[in-house]
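In the two complexes below, subunit A is the common chain; its partner is subunit B in one and subunit C in the other.
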Partner chain A sequence: MVVIALQGYAAFIVLVMIVFAVRHWYFTLNRLWSPQRPYYQDLFDSELPHITVVVPMHNEAAVATGVIDALLDSTYPKDRLEILPFDDQSHDDTSTILHEYYERYPNIVKPVYMLGGLRGKPNALNVALRLATHDIILVFDADYTPGKDILRALTAAFSDPEVGAVMGRVIPLNSGKNFLTRLLSLERSGGYQVDQQARYNLDLLPQYGGTVGGFRRSMVTRIGGFDLSTLAEDTDLTARLFIEGRKVVYANGSECYEEVPESWPARFRQLRRWSRGHNRAFFNNVVGIVRSTHLSFFQKLDGVLLLSVYIIPPLLLIGFVANALLFFMGALPLWSVVAVVFFVVAFNSFGNFAPVYEIGAAELIDGAGRRLLLLPYLYYLFLFNSWAVTHGLIDTIGDLVKQRSPHWDKTVRFRGSNT
Partner chain B sequence: MPCILITLAIEVLVILGAQPLEHLVSTVDASIAGAAHVPVTLGSERFLWLNLAPLEFTMPSHDYIELAAYILVSAVAIGIISIFRLFPAPLRFFVNFNFLIVAGEASYLLLAGHLGYDSNTFSTLMLETMTAIWLVLPLFIGTVTILFPFTLLASIAIILSTVVFDIVLAASRYAAFIVILNHSGPILMADLYLSFGPLLDVIPLTGIFAIFLGLLARRLRRDPEAWAWL
Partner chain C sequence: MVAILSVTAFVAVFALPLVPGLFELARPRDNSGLPIALNYSRDPRFFSQSFRVKIAVLCESRAFGRARFLDRRNEDAILGKRPCLAPNSRTTDVQIANERLICGAGATMTDGYGGKSISCGEEVAARTLCSDGAVVLGDRCSVERWIDAESSLDVGNDCYLGMSASSGGFVTLGGGVEFERVYGERVTVRSAGEAPSPKPTKDAIVLRERDIAKGPDIIVRGDAVVLEGTLLDASIKAHGSLFIERGVRITGNAIARGELVLLDGGVIEGHAFGERGLFLGVNTRIGVPGQRKTAYTAGNAMLCNGATVHGWIVSEQGGWSA
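Showing the complex of A and B:
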């Protein structure tokens, strides 16, 4: 009985891996060989609307000037631009820095000082929904460096009245710093250059990633604003917009530069936080996705697979335990081993869940050379990522059982450090 | 289309060559084991349409004191590695994972008295695993290769080199496992198979693929016309 149960579980895991492997194989095929769906900037040349740019900050003194200077340096007309940097209960010099910008650019930079109450990005965004002057709100994290034209490019998507949110491409700024940052750069590349673009091409569910993107205030307000119970307000918003029949679009050409974690503990915490938030978004929205009358079968399938990506690694870890027990008992099914060998390829990088061929394709399009040789090292992250994601799932279950709201665990910034 | 034909041709080649290959691997591994002073006898098992010759060898058994020591040492090692953070996190997790399997196997042996596999069934499992991987490998690599604008020659080279590499890797690993288990006893059997067994094939195979992908990237950089496919 135990053997049958364990073998049944192994069969389930194999099936899941095959589904993901085939999905990403098809994404790669689409990205490399199919006509690419044009982005709105390529279609429209409409008059630029007024926009609000929100930058949530908590103890961001090391990077605050970088992001605000970059926004002020953008080509977007300054008379149509409002920047709302949020100082979310910082203990460093963030508020002083923001005040200096306010004194220099009082009509553009309007800092918001959150002195108490609930801390975290979802709460800051809900406040932004009330304080922003304009309907189109773009969001950047404090460690990001927006390019000169990115505001124009992202805003172009809102020419389509059905678009609720837009997401640009994230590129690591510090990818050459060490081994970890190089591997994370590979992950990001696969996740955006191929995965997001293919989902946009195929009219599936591109994900609003919370940074390097934006949303329409009126639509987000209509669906109840940002959910404070999740740390992945971006994934949650993506799901809720699609459930309501709105669009989320991806702008591959809108590149923005971020700082990826440079230390393993920082990466572990980041992944754990993503997993905690993403899994909460899964539990909150999976039924809605399946029952939505606005989505096609394939959109629903993509939505469920997208929401469940951070549930799979713990299931896979349990699958390994099941296989070990079956081995102890002398009942290891051969098909399970062979399938794991081949389809583990689909699970080598849990950050953006891009399998090795997807990352290879992305790097090829990006004109990579020697860094392609790092591909096999992605397996080095296998247990690390699985364990971090499993911690996140345990946190989510704890949140659901205890009805608690998670606190925001900010990713450590490395800019200016020698690590 | 040419890539599909190449894949199918190599697949047929592997299917036709599987039986002599199995025979060769068992014979060579028996010689290696003999050279390492591990006495082996060739058994006989049927797998799909193939006759396998698993190598039977002897293994020392473990008493309960030895097993308890394995559990204790594994627990202490995991504790020390975790607390003092002796290696980067991914490596630490991998080392701990291996100690966990050893501790798990020792616990199972303590409770059940014996492991599900003996030297014969373990050898059979190893041979069946490597055969199944060889049979699926051309199709899998071909399916991935077809995604990229490789030349015909490169496609052949990728599929053939991964298959040949995996044959050599699997055969030498099988011999190494026999020698290790002959000295260590069954306590390392699960760890060897689950941690250093077929699952590890993915890494060098990806490495080979990455080398060819790098060469393709170089070609694409030199020749802008090559981007016409995109």
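Showing the complex of A and C:
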């Protein structure tokens, strides 16, 4: 019985790897060779809509001025711009800094001080849904540096009445800091330049990433606001918008710098949090995606694969163990040997390295040079990621079993530090 | 011994792909963040504004004659008050006129600037043209890169306008004009050309006023037809082509994943976005006076006589006036 179960599992993993391999391979080819779907950045408008920009902050004194100055320096008409920086129970000088901005720009910068209650971005965004004056809400994390035109470019997406959310491109600012940041920079390129753009091209499910993006307040309110039970409110929102027949669009030209983790423990915690939230979004929305009457077959398939992306690494690790057990139990029949060989080949040629195809293609499009030599190192980053993601999956299962709400763990900032 | 060799060989083969990266890690040469133009701001008249900054020093000097132009090796600037290029003449120098620049029929030039105006006869070929006043192009002129006029831009028949034509005031296009991007307070076609009359596909969904009243915004999953005379006080999007019949008025935006066709007398007061093509029939209008909107297509655009866009026309694959 155990042997049959293990054999079935091994076959299942091979199938999953093939599906992901084809998906990544197709995305890469689409991005490289197919006509690219236009975004709305050319929609020039002398009467831009009023917008609210939300900047959630928790102990962000080191970076708060950077993001608010950049927003104030944007070309967006100031009489149509409202900035809501959220001081989410900070213990440093964040509130003092925000108050200074309020005194200088009382009609634009309107800080929100959250002194108690639930902490975390989803809760802050729910408060923003109530406090924002305008229907279009853009979100930037505190460590981001928006350019002068990005508010206009992101807002242009809402000219399309079907668009519920828009996502811009994130580019690491500190990519050259160390080995980890260089690998993360490669990962980001593949994820945005190829994966997101291809999904946008193919009318699949581009993902709202929670920052350098925005949403329509009315649509988000209509679907119940942000879910406090998940740490990945962005993925959750993406899924729920698509289930309701709305679109998330990707703006590849709306680029913004961010800071990526510079230490392995910080990266581990970030990935664990993402995995925990993303997997919760999977359990909350996978049935809705499959049953949605607004989505085509391929959109549903992409939605399920997108939501399950943080479940696959643990499944793969279990797959390795299952095959090893089968081997040592002498229960590896011929078909299974073939399956194992196929699995290993698929894993190494397509599955594991399919994202590497995407990253390589992305770097070529971006005009990168010698950084491409680091691509093979991503294999080791993948192993590290798998370990962190597995912890996140265990956390998710614990959350579901114990019916507990996860604790928000903010990613540590490195700007200004010498570490 | 064999075991040691085997293990060593295995490790060597496994580590081989990592070796080239070691050189980059040891001596990083490509480790900076991807560049973002943080100060970039989309401006339909970007080229000309940039050009004006570059020639400002020359214009302010008011010293007429030949001068070095920027760091260009093979091109000097010729400064004059009212220079005039003779018909069929050919020059490789940049013509800078403090007041009026006149180009005779058939003249060929590189860049031209007119402080007060530029007037070109028929079949003039230029690389760029820029004026702080008006610009008039005769029939069959061609501009290789861009053209900009601060006040008004009048384009004759069968001209080619390069990648961008812009004006701070009105733009008038004759028939058979080819363009990619045209921007102005008002862009209008004045031609005597015969307008084609496109037809919707047979399986397009027909939207009647009673359907549209369900609004606020209309989203159609396929091709769609908005029937003649409809008033739509909202935005509309079609996942396929959007065919808007005569006399329809849409107060919001019209978005089509396929072609966007606006037949005679139709009005879209917001943006018009046709992913695969854009057709503006006779006496159609995009935008409203005083407010600049955009008529965009990633495909080809065709504008018929009397078609007016208040703002920007963007046609990625090229467009023309009928």
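Here is the rule we use: the second predicted complex is superposed on the first by the 389 of 419 C-alpha atoms of A that agree within 3 Å, B and C clash if a C-alpha of one lies under 4 Å from a C-alpha of the other, contacts with A are read in each partner's own complex, and residues count from 1 in each chain.
Operating definition for what follows: contacts are C-beta pairs under 8 Å (C-beta built on N, C-alpha and C of every residue); 3 or more make two chains touch, one makes a residue touch a chain.
Nothing here was measured: the structure is a model prediction, and the numbers come from that model.
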Please indicate which partner A:R370 is in contact with in the superposed arrangement: first for subunit B, second for subunit C, both, or neither. both
Using the touch definition from the top, say if A:L173 reaches subunit B (first), subunit C (second), both or neither. second
Looking at A:H50, would you say it contacts subunit B, subunit C, both, or neither? Reply first, second, both or neither. neither
Which superposed partner A:A324 touches (first subunit B, second subunit C, both, neither): first
Does subunit B (first) or subunit C (second) touch A:C256, or do both, or does neither? second
Is A:G360 touching anything from subunit B or subunit C once the two structures are fitted on A? First, second, both or neither. first
Partner chain(s) touched by A:R80 [first = subunit B, second = subunit C, both, neither]: neither
Does subunit B (first) or subunit C (second) touch A:R119, or do both, or does neither? neither
Jot down the residues of subunit A that show up as touching in both complexes, subunit B in one and subunit C in the other. 368-370, 373-376
Residues of subunit A touching subunit B in the complex: 25, 28-29, 32-33, 264-265, 268, 320, 323-324, 327-332, 334, 337-338, 340-342, 344-345, 356-357, 360-361, 363-365, 367-370, 372-376, 378-384, 387
Which residues, counting only subunit B, touch subunit A once they are in their complex? 88-91, 93-94, 97, 101, 104-105, 108, 112, 115-117, 121, 125, 128-129, 132-133, 136, 140, 143-144, 147-149, 189-190, 193-194, 197-199, 201-204, 206-207, 209-211, 213-214, 216-218, 220-221, 229-230
List the residues on subunit C that touch subunit A in their complex, please. 17-18, 20-21, 23-25, 28-34, 36-42, 44, 183, 217-219, 234-237, 252-253, 255, 270-271, 273, 275, 291-294, 296, 298, 311-312, 314, 316
Subunit A residues touching subunit C - in the complex, by the definition given at the top: 35, 37-38, 40-47, 70, 75, 145, 147-149, 152-153, 159-162, 171-176, 179, 182, 185, 189, 245, 255-257, 366, 368-371, 373-377
